[in-house]
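What follows is a set of notes on a single structure, which appears directly below.
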Amino acid sequence: MLPMEWARLTLFLPLATALLFIVVPWLRRTGRPAGYLSVLSALVSLAGALVLFNQVLGGARLLGHQVYTWLPHSSLVPGALANGVIQVGIHLDGISVSMLVVVTLVASCVQIFSLGYMADEPKHDFGRYFTWQSLFLFSMNTLVLAPNLLQLFMGWELVGLVSYLLIGYWWKKPSAAKAALKAFWVTKFADMGLVAGLIVLFLHTGSFEWTGAVAVATPVTLLLFLAVMGKSAQFPLHIWLPDAMEGPTPVSALLHAATMVAAGVFLVVRAFPLFAQAPDTQTVMAYVGGFTALFAAVVAVVQTDIKKVLAYSTCSQLGYMVCALGAGSQVGGFFHLTTHAFFKALLFLGAGSLIHAVHSNDLRHMGGLFSKMRVTGVAFIVGALALAGVPGLAGFFSKDLILEEVAHKGLWLPLGALLLAAFLTAFYMGKVVFLALFGKPSSHAEHAHEAGPSMLVPLVGLSVLAVAAGYFGATLSGLYGEPVHFHVAPIGIVGTVMGLIGLGMAYWMFGAPQGGASLRAAFAPVGRLAASGAVDKLATAMYRNVLTAVADAVGWFDRYVIDGLMNGIAYGTLEAGSKLRVIQTGRVGDYVYVIVAAMVLMGLYGAFWR
Amino acid sequence: MGSFFDTHLLSIIVAAPFVAAVLLLMVDDDARLTIRWISLVGSLVSLGGSIQLAAKYQLSRGGLQFAERYPLVPSFGIDLSLAADGWSVSLLLLTGIIITTGVLASWTVSHRGREFFILLLVLVAGVFGVFVSQDLFVFFLFYEIAVLPMYLLIGIWGSRGKVEARGPFAFVWKRFDIGGREYAAMKLTLMLLVGSAAILVVIFAMYFAAGGKTFDLGVLGAARYPREMQLWAFPLLWLGFGSLAGVFPFHTWSPDGHAAAPTAVSMLHAGVLMKLGAFGVIRVGMLLLPDGAAWWAPYVGGIAVINVLYGAVSAMSQKDLKYVIAYSSVSHMGVVMLGAATMTVDGWNGAVYQMFAHGMMTGLFFALVGLVYERAHTRWVPAMGGFAAKMPGVAAFFVLAGLSSLGLPGLAGFVAEFLVFVGAWQSKHWWWALPGIIGAWVTAVYVLRAAKMIFFGDGPAQEFHDLKDARRTEWGALWALGACLILFGSYPRLILDFIHLATNEYLPKLSSAMQLAQLP
Amino acid sequence: MGLNAYLLLSAGLFALGVFGLVTRKNAVGVLASVELMANAVNLNLVAFSRFMGGHVGQVFALFSIAITVAEVVVGLALVIILYRARGDVRLELMSELKG
Amino acid sequence: MLGQVAFSVVALALLICGFRVVTAKNLVHTVLWLGLMLALTAVVYVMLSAPFLAAIQIILYTGGVLTLMLFGVMLTHRDEGFVAVQNPSGRLAAGGLLAVSVFAMLGGAILRTPELPTAPKGDVSIEELGAAFLTEYVLAFEVLSLLLLVAALGAIVLARRKDAGEEGESQGAVLPARKPLPARVQPTGGEA
Amino acid sequence: MPTAADLKPLVVDLLLLFSALLVFSVDLGLPHGRKRGLGFLTALLLAGLFIVTFFVDASGAAFSGAYVGTPWATLFKRVALAGGAIAALGAVDHVDRHYPARQGEYYLLLLFSLTGMTLLPGARDLVMFVVCFELMGLPLAMLATWAKTDDKQGAGRWAAEAGLKLYLVSAASTAITLFGLSFVFGMTGTTSLAGIAAAPMSPLLAVGMMLTIAGMAFKVGAVPFHLWVPDTYQGAPTPFVAFLSVGPKATGFAALAAIILIAFKGNQAQLGSLVLLLVVASIVVGNLMALPQKDVKRMLAFSGVAQIGYMMMGLLAGSQLGLGMLLFYVAGYVATNMGAFLVLEAIGPGRAGVPLEELNGLWKRSPWLGLAMLLFVLSLAGIPFVVGFWAKLYVFMAVFQAGQGWLVLFGALMAIVSLWYYLQIARAVYMGEASAEQRPLSVRPALAAAIGLCLVGVVVMGAWPAPFVESASAAAASFFDPR
């Protein structure tokens, strides 16, 4: 089969599955069969992706590019751009294909995992879950394979929609419904930037291509970056991500760790030619990313909900990537995206397995689970170490690359933030590991037992990747941008050391039987501040006291002033009618009087009009 | 174009609902099924005709096709002359879809059902007429017919919302039963007719300025009207038609009217009738009075911008479900007017496409709202919650309609809004696009919040135990509209090619006027 | 004695008639006032025909006289009906219809 | 000279009569003053050399109309005599104002009209009148006769107390059964 | 000397006269209580005459120009005859029930009044005008009083008041008219309109003209000469009001047109502003005062005043288009307004006043009557596809052509104000709930037939106005150029 056909298969099979589930309710309501079907289609598209990947490795930088006119467009306004068309299609090159692999791979794992994790859901909900899963795969592929930013934006919005649907999967829970709403609002708010950016881009280049020079690169890229901040949960628009953990854990793994949130980073990677033309934007990105990395890491430290920890860790890691891109390292950003996708998905699935075992998200309800769930435990530890950047694991390579690039650009402030973040990352991951897997078991943890194969297989697979992915860095980097050859840079060593220190401290504070109390006391104020969720409160206040208040004011104005005026006109007319009735006295004498008076006036008019 | 059906396609489309209405006059009052089937067939004929039209319309040739002409009042040159251009094709299609689904959605109307369907069909016949009539006078005639049955439709079958008289004008409402259906009906009728009064004057002005021989749109369009006349005539047309398009501040009939109206009527009114207004502004106002249009465009656009934001924000503050949707219509019609005001190809494409998309979207919305209201017997959003447990289908379609209204890619709403924003950015007032974009976000806020408050969370409360999901014919309506939203959202060229064609023919007429307007 | 003298005289009579018309409260009184006005008309016509020449004026006057007579006849019939209906002919009695 | 004196006297008398007609308290007096005024008008006609009209005036008016009106007064009187109802002074003032303005208007017009002749033209013979009636005005004449017919017929039917075939309102009493003045019936013209 | 040829333009009127005499003699022949047939006879005769007008050639001038037979006059004759026929038909049951012994005279007076109406439009002589007006007006005053009695319920409730108010005001206005005409004649030395037109202008002539016009304005009931209208309409027997509300108006317009556009055509400027004043005043006062009315007859009376204002727009335009459209308006108005009043008669048979509540739930009590009432009020309001729409539209067109564009806007807006109270009627008919004691209505066949005729007129002229418009404008042309 030709690349394009594989690509179409990869793209549309999940869509077909989703539509099938939507229009054939009974099939959806069968539950597990639907799940199997969805997994099947995911695996097929994974296969497709791998085939394409193989061909890319074969050395073809551009496998294919095929577009169709989506909207006719022409402008008759003198001075504006000439006629053109607005297109959609499929674009296959190193970036899209490798991202495609990541997406389909993680998605397949997650779907398989879900078969076990969601097993005790009611049938029709189970079906609904997999409908959305397939829909997500389609949307993400649309985004990944986009030949231009418009289609990318469509996929962007669609994944946002699916995220809304999946976060709100347990819509009966008010918190879940609220979280879904919040996620959509925040990301949609950021997406306004994307729309505006697209329009400006379109009007200056006549197309939505990311190649080609743009006079207004800086504003455009800034607008695009606003969207990136929303989607990739950069400070201060990160507030939706922790709440998004209301969704099922596999969903968090897929959307809110591995792929969807990474879409922002992917956008920048994709549109890097544009960003490359806007150094100012890059600087902004570097600082925002660096700060986010640090900030999120700090907050992550004080979380007690395992998923929240991972969520903030995701923010922080996305910060890394954004910072890397800000430093102009397309490769660094994308490489870290890849590795992170694997080990963070792994961590989430592992966490999911733990949660499944103890029926609680709370770290304090866990403990000592390692003995009970060896596979999960190992997998989780692998993921944690990878995230911590322990040498030899995936995280190590990508993180080092980023640190090196940032240092190379001389962005010292972001660099410091990243290093600190590296330390904190290792610290809180260590904390999680020691609290959840070791130490003395809590009451919840007694009946915990290892999960079934459908959950273990993905774990194993992902942990393998979490280890191995790092060694393909050079190859991967060859697929896009210029190939980098990895070497151990001094700054990388610093980062690694910080990580190791973090792990050590974590052990000293949480692993070792006693001790570290003094240190905990020292960190307490920072912890309180981090735990306070000030940004979140601020956003809520904005919504409550600004938006809603304005809305109510306007509504009142419309109903009682504008509409009041309209009714006032009618009222005045009616009143005039009632008042006029006095002239109809009913006395014939008056009638005659009026007539004669009118006659007199008319006569005077006649007699004196000259 | 050979057969009778091809040569008389437009008159068939227009006449079918009317014939059905006349047939209904003869049907016995309580032959419910017969009544419904007659009306369904009548509307299906029109729908089929519209589809046939879209199929047979030659995109290669473009221009006016399927022309028919019958003299009406020769001495004044009034002809019943029908013809379809690209815009008509799309809007006829919309009307056909809406009336069909509307009949399906009001399948259960039993109280005085015969009269209900008669009025409904007469109304829709008027709508079809407006979209295809090439004689300005007949245009106006059909316009009136489309507006007037509304009074009885709302007055008899309407429902009342709760609005308490407060504010600086509270005393005014002593005279009116505010919130009552008869009040709403009267308000709607009078406000719309005030608009048509203004229109009438301008029609006469054009008629006599063009020689007083004929009302033919082509002839009137070819005539050059003195600039000063255009300068006073255009605003009259704008506000005249605009009052139907819900142009601020003449939109206040719309919330009350749509809230009070029965399901099918709100579907038709918000879905199609408001479009008549916008269509009139573009087709008559801008094309026949280019200078005036060019001069007034900044104001049109400015007001439209106000509409978009104002409507969206007001919708946010509403507690009554129908009011939420009604205000969202005000906001979305603002998008249409915005697109019209840009006077760019993309803007006009977007405007017409928004008419089309919003028509189906709001049609779906009102169908759903009608269902919810019929089942829950309340429209008070805060009282609801967790309905999705009892009516998952309705919930799903509500979210779908909401997503389309907030312009989610892949749904019809996105295409329209995106085009309008592109057009706005091209126009002399690039910043017009910003309020539009923000408005889309505000829409996201209130629509999804409404969806959450109604359908999600725990519940439903005890008093809503007898909630049920949609029924047979209602499913039909929902699926049809929802499918259209997705279809035309993912493959917009189905319609947009027609629209684009007409726009490309009409817009050049304005270019000279616009250069004129750019002079100080 | 000029024409305008006669015209002024008839104008005076007409004005008096008007006065009666609007002040009289008794139906018969009003009728009498109408007579007064009609008489002014006739005086006018005759005077004109005298000073302008021609017989038309007098013919007109005769018509006018006949018309007036017919009116009075009908008027009195109506007055009698009013009396039968209300037992009185005071005009202010008939002000039930108003507003 | 003599003519002027005569005219002035007659005119004055006419005006006085007219004034009494509209002001006399007693309805009978009103009617009598009216008669006198009509007779004086006839005199003026004679002065204007329209003897035929004078005759008609005397016969038709003083003979016919006057009698009719006397009947009217008699038929519609109440016990308290023939005294007409008093007027509030305000109403009188208003009426006077109106009358004065009417006269002012007419007088103004008359005086502002320059070319009014001062010398009478030739007389009109009765033959001329007759000819005119039967030639140029014959149509109007016919219609007039219709009019008179209608008036007579209608008046009879209306004034007839008891229609043949109807049961009369009050069994043929010469004077109507005294009805009390009707209580004000609420006007149905709408809310007050 | 008059010859037989002089009668040629008068054929219809003479036949009308003969039919009056026929009715009279038949009345004498019929025994008491058997006179119901007279109504049908009258209606039949009038309908026959109406048809006759299409076949006889009544053109040409007669009596040395004192009378001209033109399509203009003929069309007015047709309007009057049609109105009269409908009025007679609609009155049959009412008359038979309430004044069984006075039927002959009722129809006789109706016919005589009609004779006045048919004669006047052709008249071109002041004397003819006066006489015809009287012939038309006196019977109306008497018919308004026809019920005579003063019972508190039935047709006679306000008979005396209604009649006498009409009579006194009309007597006063007649005196005014005559006085004016005396000046007109005096300053011009002739009574023929053509001669007057030729004469030079002078203050006295102007005053005469004004007084004349004032008198005629009373006949059509334009503000401020309208005050009698609501009282008389409310008090008089409904079937008669149906006739009173249209017949004299049409004739009055014929006269006004003749006076303003022929006799005083030299003074268009001044008269134009005067008529404009009347138009605006009538529309405003009529519409505003109709708003608060609770009695439908009274409401329709005020609406009629407003309608007069709209018709007068055609006069204001003064063009051929204007007069033609005025004529069309009058024709449509006859059908519409008579229909509305006859429906009221059908609802409250023999009742003087009809409170709005009595219309509640009419759609249920008698669907067709409800539909008819709806169409009539829609036509009065000027809604498409009933005649009223075209009527208003055309007069608007005429005034716009005459350069009074703002008047169109004003008129249209006031028409919307009028919609408020018209819709009150529609509301009562279709949304009101009939009270318990209101049974399904059964309309007597004669009345139903009359209403049906009006309905046909309203719908036909509304759906296919072209032929009527054509003939109307042709008639208008003949008004300006009689031959």
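Per-chain numbering from 1; labels A, B, C, D and E assigned in written order.
Methods note: contacts are C-beta pairs under 8 Å (C-beta built on N, C-alpha and C of every residue); 3 or more make two chains touch, one makes a residue touch a chain.
Remember, predicted model here, so these are calculated numbers, not experimental data.
Using the contact threshold fixed earlier, the set of chains in contact with both chain A and chain C is D, E. Set against the Cα centre of chain D, the chain with the most distant centre is A. With chains reduced to the mean position of their C-alpha atoms, the one farthest from chain E is A. Between the chain pairs A-B and A-E, more C-beta pairs are in contact across A-B. Taking each chain's centre as the average of its CA atoms, chain A and chain E sit 78 Å apart.
If each chain is reduced to the centroid of its CA atoms, chain B and chain E end up 43 Å from each other. Chain E has its Cα centroid 26 Å from the Cα centroid of chain C. Work out the mean CA point of chain C and of chain D, and you get 4 Å between them. Residues of chain D found to touch two or more other chains are 91, 94-95, 98, 102, 105-106, 108-110, 112-113, 116, 137, 140, 144, 147, 150-151, 154-155, 158, 169, 182, 185, 187-191.
Counting partner chains per residue, chain B has residues 190 touching two or more of them. Residue positions of chain A touching 2 or more other chains, listed in rising order: 570, 574, 578, 581, 584, 586, 588-589, 592-593, 596, 599, 603, 606-608.
Chains touching one another form the pairs A-B, A-C, A-D, A-E, B-E, C-D, C-E, D-E.
Within the complex, the chain A residues that touch chain C are 581, 584-589, 592-593, 596. Looking at the complex, you find that chain B touches chain A at residues 163, 166-170, 172-173, 175-176, 178, 187, 190-191, 248-250, 252-253, 256, 310, 313-314, 316-318, 343-346, 349, 386, 388-389, 403, 406, 408-410, 414-415, 418-419, 421-422, 425-427, 433-434, 437-438, 440-442, 444-446, 448-449, 452, 455-458, 492-493, 496-497, 500, 504, 507-508, 511, 514-515. By the touch rule above, chain C contacts chain D in their complex via residues 1-9, 11-20, 22-29, 31-33, 35-36, 39, 42-43, 46-47, 49-56, 58-59, 61-63, 65-74, 76-84, 86-90, 92-93, 96-99. Only residues 383-385, 389, 393, 396-397, 400-401, 405, 408-409, 412-413, 415-416, 419-420, 423, 426-427, 430-431, 465-466, 469-470, 473 of chain E touch chain B when the two sit together in their complex.
Per the touch definition, chain D reaches chain C in the complex via residues 3-4, 7, 11, 14-15, 18-19, 21-23, 27, 30-31, 34, 37-38, 41, 44-45, 48-50, 52-53, 56-57, 60-61, 64-65, 68-69, 71-73, 75-76, 78, 84-85, 87, 91-92, 94-96, 98-100, 102-103, 106-107, 110-111, 113, 116-122, 124, 128-129, 132-133, 137, 140, 144, 147-148, 150-152, 154-156, 158-159, 161, 169, 176, 178-182, 184-185, 187-190, 192.
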